[in-house]
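Down below are the structures I want you to see.
What follows is a pair of complexes built around subunit A, which joins subunit B in one and subunit C in the other.
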Partner chain A sequence: MTNSYDALVDLLVHRFDVDPAKITPEATFEDLDIDSLFMVELLLVVQAELGVEIPDEAATPRDTIAKAAELIGAQLAASAS
Partner chain B sequence: MLAGLGSALPDRVVTNEELTALTDSSDEWIRTRTGIRQRHFAVEGTATSDLAVAAGQCALKSSGQGGADAVLVATTTPDRPCPATAPLVASRLGLSGAAAFDVGAVCTGFIYALAAAAGLIAARTADRVLVIGADTFSSILNPRDRTTFAVFGDGAGAALLRAGEPDEPGALNTFDLGSDGEGRDLITVRAGGSQQRLAATVSDPDDQYFTMAGREVFRHAVQRMERSVRAALETAGWQHTDVDRLVCHQANQRILDRLADLLGIDPRRVVSNIALVGNTAAASIPLALHQAHGDGSLRAGHRVLLTAFGGGLTWGSVTLTWPRLAALDGSTSGPSPEN
Partner chain C sequence: MTAVAVTGLGLVTAAGIGAQATWAGVCAGRSAARRDPNLAGLAVDFSCTVPGFDPALHVGTRSRLIHDRFVQLALTAAREAVADAGHDPAGWDGARVGVVVGCGLGGVATWERQQRAMTENGPGSVSALLIPMLVPNMVAGNIAIDLKATGPNLVTATACASGATALGIARDLLLADRCDIVLAGGSEAGVSPLIVTGFAQMGALSRRTDDPAAASRPFDAGRDGFVIGEGSAVLVLEREPDARARGAHIRARFAGYGASADAHHLTAPDPQGTGVIKATYDALRDAGLAPEDIDHVNAHGTSTPLNDEIEANALGVLFGAGPAVTSTKGVLGHALGAAGAIEAALSVLTLQQGTVPPTANLEHQDPKIDLDVVAGAPRHGRLKAAVSNSFGFGGQNAVLVFAAA
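Up next is the complex of A and B:
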């Protein structure tokens, strides 16, 4: 598992009260019983905590946790270079 | 400085269940996305000025004796496109001759009007200014749009500001105000102004109604208020842990929760009355203040931070130490369940 995956899981569990048992790399956000505002809130917290800005349209509830973590990792790498 | 408070809600309470009959939504859908359980709607024939006068009377009464030499009404739903609503409100309050004008900054209107009032007092143009936030959004909502119809409610709130010393409790010293007109389409009524005249054919009948781009507005609201709060804190020399009460524009409970989370402010210090009144636009902050003062959750000596975000886009924040105010009565317009 990558650092960005662990960081994302940490935010989901501690800031959004998601049940850790439901989180796997293959799970989609939809599998976590979320609604339409959830992704907006998640991206706000990701930006505040991890310092990466991801546009609203880049992530959808149908994405897997692993895919979102990959997106965050790529943004982190881009901002570090 | 703050010397009086008042508020008014129209009599008619509309529950989520009642709305469900009109729109494609459910009590659960509304509650989980907004935290709103009910709102008040003005019946036809009740204008913004009626609510503003009731709230203004209440604020004048609570400030003790004396009138006001200026009346500012923050509103997006004036009685008429012309003239402004404030002169009529001033006259009906027995303040004929007072300076009176409307302030248009949508849901940030009350903060902008407070800043304008503080400026009038600082410039010695006025000694006592009545600041009213009043809106009847039910008059511009699209009944077919559940994302707005379920969110907004009608109401008015008022504050009386008087001249004072900068270090007195109640002094409004550190404003942070801002805007971004590039975001004008996110919260708007497209038709009825000079750009798309109502006399001409309106290209889309829905253009006559208020619209809001929900998700984008959510993101902007949290980000803009977070930055504005941080700016106001810095000017005041406060840490986020110094804030005893955060009073945000009551836009959506999820916005209030997320804002407190990002600012590191204990959610128990966040004032909220949105469950009972919905988003009342320019009225929301003074309504929340009046309720919190009345139920004792806002007390003399509390360090209070007000922040708002609205159409324009606009945003603003101000800090104050809560003053000792006279015991306040409740809403002067009909039953209000939160009192």
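Up next is the complex of A and C:
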């Protein structure tokens, strides 16, 4: 969880120019001005950078950062086992 | 006929960011061409790019993620133009504000980057933002989003005449009362390895790789091709009575527009200049002016052997050796689809300041060119009316007439 959260925050800050001060586990992607088009792009970047495939319908801009990090973490664990 | 007024302008060019920097650079008459690290190893390795442009600073934090450079340059020019006109997009009736921008190529750097990603890393690596960054109409769409302009919105593509065509169409929209304000201009950021190679392969570019600053030399006997540039210009246009009613500062009147097609050849201009002459007569008639009323021409003047000679012949037929002619491409290079709008903005400043900028690098005027081309230093004097010419591959011609306010 912690690793995937940090990795997601890193992508948001460095690839999507999100202000790190605005990112909390409870913040939604919408709160960070990540709309549905950016969400698709984010999932593509997650796949390319972290090797984790999240289907478009599994994450929406209304989800929290924590929830998405959890999803990524679960996928990472699944692929590691 | 109701006249159209130019009430604001914004410029981003190889001479600098902003109208003032561009005007100063053009009047100084020194070429902005330099070696371009992005083109290293190519047959033509120099260009006229905008110096020190920072999307985060000049447009906004996330601009690099969603805008190709041709959009970034245009947003910068559009904001400057609107502020210069004294308009506040927070308060205007956006439904009466149109946007017409010329663009010849679109987001070519994005295209090349994403093609490379696909080839090297597969389709999964292609950005979801490829299409909205690539398509040329996005330059007008993004200006609408940025400035809340919800009136007619389009992009014109007539190659190197695109920016001039956009201004002509914008003027028509105002005269047809489809809008009250139009943000009209051009934008291009086509200095990419593929595009430069394409122009080089067709023999259109100067090969003066040992001395880039001397390469763009319109009307000079030693010219050997154009220098590719980039940039954007946006002009704020309004019907003159509206502009006067709100107490706007009118920089110049946009008096006439003419357009034609050569229907002659894919890329070569018609040697008789028939299309150019027709478009110019149409523009003059539109303006209610005679050829002898024109005392300045901002020529297309690309610095290719063919264009400059044929254009000079056409100007000779139209105006004799009367008007003071300049080509600002000597300084700025050829910004393709933006060039017509950049040169329109410079024509407006020329009329306003009573100063004709010199043609850079014009040392020995081609004896076949019988025009009064301004060289060496700016020429000062009262000017009444100016013509700005633009011609595109495909034989598309657009001619604009401006008159002192």
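Quick note on the criterion: the second predicted complex is superposed on the first by the 80 of 81 C-alpha atoms of A that agree within 3 Å, B and C clash if a C-alpha of one lies under 4 Å from a C-alpha of the other, contacts with A are read in each partner's own complex, and residues count from 1 in each chain.
The rule is short, and it goes like this: contacts are C-beta pairs under 8 Å (C-beta built on N, C-alpha and C of every residue); 3 or more make two chains touch, one makes a residue touch a chain.
Keep in mind that this is a model prediction, so the values were computed, not measured.
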Combined model on subunit A: subunit C and subunit B, fit or clash: clash
Subunit B versus subunit C as contact partner of A:A78, first or second or both or neither: neither
First (subunit B), second (subunit C), both or neither touched by A:D17: second
Which superposed partner A:E41 touches (first subunit B, second subunit C, both, neither): both
Doubly contacted subunit A residues - partners subunit C and subunit B: 15, 37, 40-41, 44, 48
Touching residues on subunit C, where the partner in the complex is subunit A: 56, 61-62, 64-65, 121, 124-129, 132
Residues of subunit A touching subunit C in the complex: 15-17, 33, 37, 40-41, 44, 47-48
Interface residues, subunit B side, partner subunit A - complex: 32-33, 214-216, 218-219, 222-223, 254, 258, 261-262
Residue ranges of subunit A touching subunit B (in the complex, touch as defined): 15, 35-37, 40-41, 43-45, 48, 56
